[in-house]
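Right after this note come the structures.
In the two complexes below, chain A is the common chain; its partner is chain B in one and chain C in the other.
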Partner chain A sequence: MDRLAYGLAALIGIAATAFGSYGMSGDVGTLRVAWLVPLGGLELTLDPLGGFFLALIGFAAVPASIYAMGSSPGERRDRFAYLVFVLSMCLVPLAANTMTFAITWELMSLASYFLVLHDRESKPSIYAGWVYAVMTHAGLACLLAGMLLLGAWTGSPRFEDWRAAAPALSGTARNAVFVLLGLGFAGKAGVIPLHVWLPLAHPAAPSHVSALMSGVMIKLGVYGLLRVSLDWLGAGPAWWGVAILVAGAASSLIGVLYALVDHDLKRLLAFHSIENIGIILLGVGSAVLYHGAGLPAAALLGLAAALYHTVNHAAFKALLFLGAGAVVHATGTRNMEELGGLIKRMPWTAACFLVGSAAIAALPPLNGFVSEWLTFVALFQNTHLAAVGLNIVFILGIASLALTGGLAMACFVKAFGITFLALPRSDAAARANEAPVPMRLAMLTLAASCVALGLGPTLVIPVLGAVAASVLGQAPPATVGDWLTLRVSGGYASLSTLAIAIALGAALLVPFVALPLVRAARRTRAYETWGCGRIIQTSRMEYTATAFANPFKRVFDFFYRPTKHLDIEFHPESRFFVERIEYENPARSIFHDWLYRPALDLLRVGARAAGALQSGSANLYLAYILAALLLMLVLA
Partner chain B sequence: MIADIGVAVGQVLVVGMGAPLLVGVLRTLKARLVGRRGPSPWQPYADLRKLLGKEVVVSTTTSWVFRATPYVLVATTLVTALIVPVSSARPPLAFAGNIILLVYLFMLGTFFLALAGLDAGSAFGGMGSSRGVAVAALAEPTIIVAVFALALRADTIDLGLVVERFGQEPWLAANPAHLLAFAAFFIVMLAETGRLPVDNPATHLELTMIHEAMVLEYSGRYLALVEWAGAMKLFLFMTLLANLFVPWGLTGPAGPGAVLLGLLALAAKLAVLTGAVAVLETTVAKLRLFRVPELLAGSFALAFLSLMAVILFR
Partner chain C sequence: MTTASNLLAFLGLVVTLLIVWRQSWPARLRLFVAQSLLLAALAGTIGVLAHRRGLLLVAAVFVVVKGWVIPRVLARIGSGEPVRPVAPGRSSGLVLLGTGGLVVAAYVIMLPVTSAVELPTEGAIPLAFAMALIGLLLCVTGRDALGHILGFLVFENGIFGLAILATYGLPGIVEAGVFLDVLVIVLIMEAVVVEVRREHDSIDVDRLRELRG
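Moving on, here comes the complex of A and B:
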């Protein structure tokens, strides 16, 4: 019975994938049930963009649900919340009017809130749930305000009517709606500086839920941004694209910088979600700018790159969260400083995690490389824009994407190397056991899809190109290359990950052929690691995650502003003997210190000032009502 | 097709066989510059042969990642040799992804090398890995931005076509933007291949080294493969520098004569560049590790300025 809910969720996932893929081929239809909910009724529409996100959710939900069957089943309410979570996520991209959207969106947020809170005893988890609830409802407030305004101005709560009426609205009105909806959706996507809930909430949830939250739930924020900036409001002014592009550049860079100095395995992955949302937004922002500037081919490329990275991130981030979950399942800790050596105890998990790490670090020929390559080429197209200011924005985007790529590689050397290689740093890690079969199966499926998405861009791009073309309202490109090579923007650039893979495979064989030819010795001896004459090797001699990240902490200290605490306890007889050293070098969050703390302080001061009105005297309250009534009459 | 395979095999042979000689010439030149006789330029071949004859000692702490890394390193550099325009402006694998692929293939090698450094569980390996990835991560944006500055003027990111374009219109290269990009790329080349002032390829003092610390645990044929891959990386970066920024002598669809001419031109350009690197390495001291980011930031600034110059004066 425990597993029934997860089996059901997997079936929902399969159905969603099938239905969504069907929807990607074209506008399929609308389901309206007017009596079910007030204010417009329930209305669901399957169109290519919605179909794409529906298929994406299904694609991630299947392995996550299979994985959940193998890990601890959780309490009954967790299983119920999980089912509601998956189902409501599937409905969000189908919602076709304000009320349906608000209900499904809120259902998704609430279900995930209960999943974040699954451990009701632990303080961090309660705090995470609280921050998540506040941020997600602040976002919902923005969304509802924007949607109600747009509904009032266009005279309809239906998205279909917005498309027709919104482009005719005044510039100010469209800007106001863009800002409100943009903030709401960016909050859900975890865009800097609205990201604060993400690194708290994602690690707190069970791993299969983290995989879905990071892999697909935050993508629904991207879905909303796409709807706002390209669909509902029509082509917008250039600053919309610039705002999205700059937000993307900042999120990608800042996300990876925080990930580098975080040594909680799941929190590190959560920060990488911020980074990858940033990369997706670089593609979205470029598409919005090109679309507004009348460069259809470049806009199509930017949007296709963004959609490709959306799929890819769902695949490798779900894989990595499931891998991290398997590590937590086996060792009981998420702290990388207590892990190590797991590659010997958990070879399958390690291999899958390595594939995920290489994919997220955009190493060829895996899927992350394909979409980052596309994003680079999309950003390179800015030379067709005449405005120098815009060119500079794009160059900053290119530079931040390049730096992000390098830093992500460094970060996953740390994540994989410290967690899985060398000697175990704790007893729990030394006694770890490989994950059970369903968990392995889920990870292997996702690892295989990372490889497939990497090798098959020539098959994937036409599909995504058609979705992107339907969003941008243009005909899909007739040809994008042959079976081997993807051609972009005429002769500007081409990509063939299949050729790279074949070449790499052949080149791997070169030493095997060449070494016997030059009669290389084949003797191999196993011996301990060289250690300058020390007697035994222990895990305390290994490099730690903190030490590994230290060069970055020093290089970017203007950003981290690390504080240092050094506490040494000397032997009472002599200061030359140290009994205990405690060293801490934590990074501080500039967003917490410079944005949220002042904002919260302001709120508190405001609340205290407003408290003066609340005397508790009923007479005074009656006087307030009278005053308010008079004021209304005067104003009316 | 046959010609393509011929060019591919030829490029791999030139890079694979020529790389140790380049390293040897550089060492000899450096020795002469400081008044030593120095070893013969052929010494790296002898070193490789010696290493290939020795047995391999593998730490019991390590996993398959450690044993796979030398092969991955060699494979990534060999594939890179098919992307860089070495002897003609039409490298055989040019269609596979161009400069972005090149950068990320080198990252693939660095990724595995850094993992191997951590795998043995010694502090030296971890130190080398941590520093190595830091340098690689900070050098990467410069390569992309510098090459984009060139690509922008040639209107393609296909390396071969960039080379061809500048070869046909040499006056395009006589431009401050070109010079800035060259300087940026030169600094990155030093950083990526572990030369002075970023890393010292001659030292074995554990606390100062980067690349050598990562490969400290390797021996025998594994070390030979790692050293060979390192030499090829140096060769490829210098070739890239030579052929991208001084593209004379390279032609497009090439016959045997043109390939030979391209190789001769490459040898001449590499000789000049090797001389420059040797002089530089004998005159500058190694930077303190935490000054290296400033150097790399400087090189990024040069690349950025170059790109700005292209955009502002197009």
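Moving on, here comes the complex of A and C:
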């Protein structure tokens, strides 16, 4: 009975996948209930792009719900909020007018707010909920302002009419709408520097909710950005694409830099969500620029790459969050410094987490590699543009994507290595138990889809290409290679993950075949690890996450601005022996110190100045009323 | 009709000024009754001269509600309050000066209305509006809850006069609703004032400052 809500959510997910896939095929349907809500009524439309995101939500909601059945059922309030969350997310990409959009968007935000706040006793949870509520409502204010302005200028609250009327608006009007809607959607997507809520909210929520928030909810921000920059307003000036591209480059790089030095397993994943949103936006930005410059094939490639990475990120990030959730479920901690050695206690979880890590680190032949490769190819098409300024922006994007890939790799070596390998660093980790069956099932499903999406790009790309083509108003691409090899951009580049997988598999077999051939000794020798002359090996001698991250902290010192705390306790007899050493060097956020802190201080000063109006005298308040009345009557 | 309405409205304004001037609660209450009766007379006069039967009924209800029921309630509220001596240094001179300003403002504000309307009662419209504004001023300068209630009632009377003069009476259902509103507000205020006085031994609004967070 407790798990009925999750079963229902899984059913909704299945229906959403089916319905969305149907929408992707190009059939457009509209449902209008004019009397239900004011200002245009309820209106839902299924088109290819909406269908794509609907299917994506369903795709992530099914395993997340199955996983939730295996974890602790939570309170009734949480289950209800979860159901509302899934349902409202499904409706957002279908909304076809301002009112419907505002209602579904706000329902989604509110439901996720209550899920973030599920632990009402803990201070970090309350703080996370508060920051999330502020950021999401600031975003909503921007969205509503933009939509109402656009509605007033085009004379209709319906998205359908915007498509027809918006391209005729003046440049200033379109730019204003783009900035407002762009800020609102970017805030939900977690683009730097609007990301502050994300590393707080995602760890605070239960893991199946984190998986959905990170896997699909922030993608609805990307959905909105796609609608704004390619659909509702028509083709825009070049700076729209440049803005998205630069935001993507900054988000990917800064997101991964923060992830690298964070030792909270779920917060690390949350920072990686910022990074991956950045990678998606690199594709989107390139598509917007190519679309504006009249390069349809390149625009199609960029958008398809972005959509592919959207699917992939949903798959591997949901998988990783569920894996992290299984770890937290088993050990009760998210701090990597207290984990370790879990691969022996939780082999299934470790295997699935490894697949997710390899995918997010873009290792072939998994799915992350395919979409990042496509993004690279899309960015390299800038040679067709004859504009030096734009080319420099593209090079910036390529460079940051390359650096991001390397750093993400390093980060997941840390995440997997410290969490699952070596000896347990705490009793909780030593006593961990494997996750229950529903959790394992959910993780296995997602791991399998990561592999499938990596091996089958020749099947996936035509579908995504058709969706991208319908957004850009083009004919879908004729051919993208054969069953084995993916060929894009007219033979510019080709990739066969299937061939890579076979080659890798063959390479793994080499020792088994070659060693008997040369008659090498195959006896296994068990021996102790060299321990610097010490006799007993303990977890204290292990490499820590802090130590792993320290070289990066030194290289990017200007960014992290770490502070050092060194605390040594000497042996009372001699200073040459230490009893205990504690070392930490927490990074300081430049966005917190240089952007949000001054902004909040300014707000506080303003509020204090305005507080002078609140004298507490009833007579003065009445005088305000009289003065306002007189002023209004005299001016009228 | 012009003379009658002008005269009655003028007398009403004079009584209002007297309310501003006087400090003792029973005197102010008596003046409020006088103002209500003058307005009832105004409604009755217009009813007779403009052949509006409905207005006669309104005038009768007005006499009962504002001339008898509400003053009785107000007297009951005020009975616990000692007759306040005129506080030194708090003369009503400045307030009366403000009142004069409000009368001028009322004329200025109502200028477009009186120039557009062709009614025999148009000359009295600014006077009634001034009454309403002075009522608000009474609220602003009121030193205790009783002063606020009285200011509100004077304001309401002014609006009533304005409605009578400008439109010869509102639809019956509106009038009935307004009377009921005022009555209920006064009854609620009575309950609140009694409660506040029991809790805090005072209904002085200055002490509300202590509640400021």
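Basically, the second predicted complex is superposed on the first by the 600 of 636 C-alpha atoms of A that agree within 3 Å, B and C clash if a C-alpha of one lies under 4 Å from a C-alpha of the other, contacts with A are read in each partner's own complex, and residues count from 1 in each chain.
Definition applied: contacts are C-beta pairs under 8 Å (C-beta built on N, C-alpha and C of every residue); 3 or more make two chains touch, one makes a residue touch a chain.
All values derive from a computational prediction rather than experimental measurement.
S.K.: Using the touch definition from the top, say if A:L633 reaches chain B (first), chain C (second), both or neither.
M.R.: So A:L633 only meets chain C here.
S.K.: Taking the superposition on A as described, I'd like to know which of chain B and chain C A:I395 touches: first, second, both or neither.
M.R.: first
S.K.: Look at A:A618 in the shared chain and tell me whether it touches chain B only, chain C only, both, or neither; answer first, second, both or neither.
M.R.: In the superposed model, A:A618 contacts chain C only, not chain B.
S.K.: Based on the superposed arrangement, let me know which partner A:A361 touches: chain B (first), chain C (second), both, or neither?
M.R.: Only chain B; A:A361 stays clear of chain C.
S.K.: Which holds for A:W530: it touches chain B only (first), chain C only (second), both, or neither?
M.R.: First partner only.
S.K.: For A:L566, is the partner it touches chain B (first), chain C (second), both, or none of the two (neither)?
M.R.: It touches nothing on chain B or chain C.
S.K.: Where on chain A do chain B and chain C both make contact?
M.R.: none
S.K.: For the complex, which residues does chain A have touching chain B?
M.R.: It is residues 343-344, 350, 354, 358, 361-364, 369, 372-373, 376-377, 380, 383, 388, 391-392, 395, 398-399, 402-403, 405-407, 409-410, 412-413, 416-418, 420-423, 485, 491-497, 499-500, 503-504, 507-508, 510-512, 515, 518-531, 537, 539, 541-543, 547-552, 554-555 of chain A that touch chain B.
S.K.: Could you list, by residue number, the parts of chain B that touch chain A in their complex?
M.R.: It comes out as residues 49, 52-65, 70-72, 74-76, 78-79, 82, 93, 95-98, 100-101, 103-105, 107-108, 110-111, 114-115, 118-123, 125-127, 129-131, 133-134, 136-141, 143-145, 148, 151-152, 155-158, 161, 216-217, 220-221, 224-225, 289-290, 293, 300, 304, 307-308, 311-312.
S.K.: For the complex, which residues does chain C have touching chain A?
M.R.: 105, 108-109, 133, 136-137, 139-143, 148, 205-206, 208-209, 211-212
S.K.: Applying the document's contact rule, which stretches of chain A touch chain C when the two form their complex?
M.R.: Interface residues on the chain A side: 614-619, 622-623, 625-626, 629-630, 633-634.
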